[in-house]
Amino acid sequence: MSTASVPVAAGTLVRRKPPWAVRRRRFLVAVADHSLLIVVAIIFLTPFAFIVLTSLMTNEQALSSHLWPSPFRWHNYVDVFREAPIWRWAINTFLYSVLATLGVLCSSIPVAYALSRIRWRGRDLAFATVLIALMLPPVVSVVPLYVMWAKLHLVGNLGPLIIPNWFGDAFSIFLLRQFFLTIPEEYLDAARVDGCGELRILATVVLRLAKPAIAAVALFSFLYTFNDFFLPLLYLRENPSHWVLQIGLSEFRSLHQVQWNLTMAATLLVMAPVIILFFLAQKAFVEGVTLTGVKG
Amino acid sequence: MRRGVIAAIALAAILAAAAGATARSAAHAGTKADTITVWVGWSARELAGFKKVVAEYDSKHPDVNVKVVGGINDDKITAAIRSGNVPDVVSSFTSANVGSYCKSGAWVDLKPFLSKDHLDVNVFPKTSQYYTQYNGKRCALPFLADVYGFYYNKKMFQAAGIKSPPKTMSELTADAKKLTKRNQNGSLKVVGYNPFLGFYAGNAPDLSAYAPLFGAKYTDAGGHSALSKDPAWSRLLKWQKNLVDWYGYKNLQKFNAGAADEFSASHAFEIGKLAMMIDGEWRVAFIQAEHPGLAYATAPAPVDDAKKNLYGAGYVNGTIIGIPKGVKHKDQAWALLKYLTFNAHPLAQFSNLIRNVPTTKESLNSKEIKPDAHFKTFLTIFANPSSKTTPITAAGNAYGTLIQAFAVKWQAGHAGDLHAGLQKLDKQIDAQLKQAQAGGVP
Amino acid sequence: MTETAVTAGAPFTAERRRARHRAAWRRRRLVLMLMSPWIVGFCVFFGYPLVMSVYLSFTHYDLLSSPKWIGWANYKYLFTEDPQVGPAVRNTLWLILIMVPLQVLFAFGVATMVARAKRGVGFFRTVFYLPALAPPVAATMAFVYLLNPATGPVNVILGHLGVNGPLWFQSPQWSKPSLTLLSIWGVGNLMIIFLAAILDAPQQLYESAELDGAGPIQRMRWVTLPTISPVILFSVVISVIAAMQYFTQAYVAANIASGQASQAGDQTVNNLGYPEGSTLFYPVLLYQHGFRFFNMGYASALSVLLLIVAFTVTVLIIRNSRRWVHYAGAVK
């Protein structure tokens, strides 16, 4: 609401800040209007609050029914790093997520482009395979793939987790294809007239125009692999030097007989990177999620 | 585009590096001394004890470098053997799994090694011999045994006026009720005896710790599951449920949820929230390390009133140790295995450190064993002829899972008629065993 | 690639035809190159596992010796003798029939409220989306701790209010509702999609409905719901597919909760499905047979069954959707 203290031409609306009483009433009305929303929001934030509180307690307090730490043990966050090789887990996780995301991008973008901007025989059939693969629960293919990786002696390291991402991801292909379809043909024609080959068009024009979709795909890939538990559980469990953060966190209790205060601190540390990433890339996140829903 | 190709190649190189990381590090061994890896289930203090024992072996044998990994469970062992990344020596706390290990060949047959070195397995007690083989195929050796006995808080006994530890289940029930204290809101403050299946090791939900105390037989003469035919099982389950109901199922649940982890320093018995319990002999070392001032005593566990002569017996099992399939340094693995299991010195030394029962006759009588009044009880129980272990089957510990599923439902009151339920359970166990023996499903 | 070489009236020389063939050849080569990752990926990571699953389901295979053909024995055990399959199927059905609707309803409800909010939309959106970002493992561990029947904050607060809190993850009746609470906490993804769709709804439709005298509920029923029906379909489909793969939260919750009940720390006991098999969902059962017992053959049989069911259910939902989903003119 802008305050207009400069004289303006007659006819324009001059808005002055309403008196404090009116503003307060409007605020209270807004709170009442949104009261349910506010209550639900508070309930949604409460688990985070309790996690933080517990992570600052001593072990005995965490095991008792006390709700407020006294004293505040900030040292817990240092202890967590001493108790478990969090840095190694973080490096493993980072390696997995980054390489997998790169793989998804490198392999899905060309495929999506071929499926959307080039006409060729069998294109519809190929797209159907993407749709079918989308509907397949990955749990179904887990057993034979494990057998395959075991025979290749790659069980126990990050290979089985990273390599499949370099051969296309159905969801990313689908999303990118839908987005590519919305690019007006004129842009591409203009580039073609200039003498660009198809690949050059893809690399320059399309990539630049599809930045939001690509950002969304990258974000989702990163998020999905960062949070992934099932595949690491299958392939990394008996090799603690290659554990990722999620496995380490789930095993944090049996290694050290459940110190819940440290466990909650570790939980918070594991949640932190994603939340920080969200706050940095908020717009891209929301746009990306919207893209999946609206185009899906 | 050229940039893209170079980038792609670079990334592929990184990929290959990431994927092949273990392969390279594994092949690192074999420079001067061969590195052999030992997997054990112990962690923290007990693991430190094992490492001490191994360090001595390491120093005496410059041609090997022994690496110890702790915190292993059977899941990890089976996964490792399947994936091919096996350690050289592996050990497990679940002796009941030896059946599936031997039958499938997951652990190698040790007979050729034993006969080559002219070693006789009769140096091991009969029970330990039993739970390290299946159907004559010996794929494991015993490495310290576990025995379950009775722990009770002397101070609480004095305060309640109880003179001696209970010898029968009815005495146990009476004492438990006397020693239990409740809070004002009805929740449990101190529990006399917690019979809740799943609460700490003494209440293993597959009923293994209780079976020898009731003289319950798992199979009949024909080799079929006898849980519905042997009345001891019904007596056991009925006694257990009656006591659970007296406490209140939900009250016990809440108490258990608020109790500390079994291997933490705030173990319910050690901090005085639990007056009596059945637990393994290892607890003596834990109490010594964490609460040396606790006024407690040990005794054989109480037995069924109908079988008073069983008093002095208990549940026995132990750590089994063997060589998994696919090992490269077989001879060096065997050398370490032989040292750990047959020599009195490492057995006695390790037994002192973690207070488990030594598994050879020689080590049981060794002068190196530090005497401990609490621990002596368990040696006596171990020697008792009525002390039993759980049956070794081709399905490994799978029948334990079935019993557990039923028993847990039973104590919650969700299992309906006891006899009918046990009959169904017998059928399931027999079906499961048939499939496993025929090489079929579970 | 469009052909720009042909001009009206130019003679069709053989050279021209060859040029066209070469162009077509180049196009095919280009498509092949672009599609190659997916071709390999589809065959190796989709086609091959599918075929292998079917093959392995007729064998007994424990990865130590080669697969042994046993015909229909796995399926026979699955349908007639396995005591865990029935409960596993029922548990997964529970998820599909109770958890998914609750998720969709809650996401829709919150999105509606946020859409109507005049201020702080960004703030609310953030608050509701944040839990969805939490890794499932971390969120589950936190919830199991928070819902500890004896010392967890939730029951402590309920106790202060005079309510005797339930046993949450320790009770077979409350374990699935507890997991549902956890999933509702993480419903942020769906909520954002709904929010975007609701905000996208064309204003004229609302205005004309208001002019016709429609109250807010009628406006919801006749304007909002039909307009966002494609999004509802999308949410339902992905939620059902997720429910049929529900694993991580169940696995972690069973492990942690059974540890809280202070079982022997060395895991000689099978904790999956704790308590009393109430959290044994179909994927958890599959994992147990495939990667605990290493009965690869039987696990393959379970996965083949899951594939058939998943496919059928998805097709059914989509087929059924034609009745109530309105697409705004665009070709699907």
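Should a chain be cited, it is by its letter among A, B and C, assigned in written order, with residues numbered from 1 in that chain.
In this text, a residue touches a chain if its C-beta (ideal position, glycine included) is under 8 Å from a C-beta of that chain, and two chains touch if they have at least 3 such contacts.
Values in this document were obtained by computation on a predicted structure and should not be read as measured data.
Novice: Specify the contact topology among the chains shown, as one of line, ring, star, complete or other.
Specialist: complete
Novice: Mind naming the chain pair that shares the most C-beta pairs in contact?
Specialist: A-C
Novice: Which chain has its Cα centroid closest to the overall Cα centroid?
Specialist: Checking distances from each chain centre to the full centroid gives C.
Novice: From the C-alpha centre of subunit B to that of subunit C, how far is it in Å?
Specialist: Taking the mean C-alpha position of each chain, the two centres sit 38 Å apart.
Novice: Using mean CA coordinates as chain centres, what's the gap between subunit A and subunit C in Å?
Specialist: 16
Novice: What residues in subunit A touch two or more of the other chains?
Specialist: Expected reply: 63, 106, 150, 166, 199, 253-254, 257-258.
Novice: Give the residues of subunit C that touch two or more other chains, as numbers and ranges in rising order.
Specialist: If we look for residues of subunit C contacting two or more partner chains, we find 63, 150-151, 259-260, 265, 267, 291.
Novice: Which subunit B residues reach two or more other chains?
Specialist: Only 75, 79, 82, 258, 260-261, 263 qualify.
Novice: What residues of subunit B sit close enough to touch subunit C in their complex?
Specialist: Residues in contact with subunit C: 41, 73-75, 78-79, 81-82, 93-94, 104-106, 187, 196, 198-201, 204-206, 250, 253-263, 268, 325, 397-398, 400-402, 404-405, 408-409, 412, 414, 428, 431, 435, 439-442.
Novice: Which residues of subunit C touch subunit B once you look at their complex with the stated criterion?
Specialist: Answer in residue numbers: 60, 62-65, 68, 70, 73-74, 77, 81-83, 148-151, 167, 170-172, 258-270, 275-277, 289, 291-295, 297-298.
Novice: In the complex, go through subunit C and note every residue touching subunit A.
Specialist: These residues of subunit C touch subunit A: 1-2, 4, 27-28, 30-31, 33-35, 37-38, 40-42, 44-46, 48-50, 52-53, 56, 61, 63, 110, 113-114, 117-120, 124-131, 133-139, 141-143, 145-146, 150-151, 153, 156-157, 185, 189, 192-194, 196-197, 200, 231, 234-235, 238, 241, 244-245, 247-248, 251-252, 255-256, 259-260, 265, 267, 283, 286, 290-291, 296, 299-300, 303-304, 306-307, 310-311, 314.
Novice: Under the stated contact criterion, what part of subunit A meets subunit C in this complex?
Specialist: Subunit A residues touching subunit C: 30, 33-34, 36-37, 40-41, 44-45, 47-48, 50-51, 54, 63-65, 67, 106-108, 110-111, 113-115, 118, 120, 126, 129-130, 132-133, 135-148, 150, 164, 166-168, 173, 189, 192, 198-199, 202, 223, 226-227, 229-230, 233-234, 245-246, 249-250, 253-254, 257-258, 260, 263-264, 267-268, 270-271, 274-275, 278, 282, 285-286, 289-290, 292-294, 296.
Novice: Spell out the residues on subunit A that touch subunit B in their complex, using ranges where they run on.
Specialist: 60, 63, 95, 99, 102-103, 106, 149-150, 153-159, 162-163, 166, 199-200, 203, 237-240, 242, 253-258
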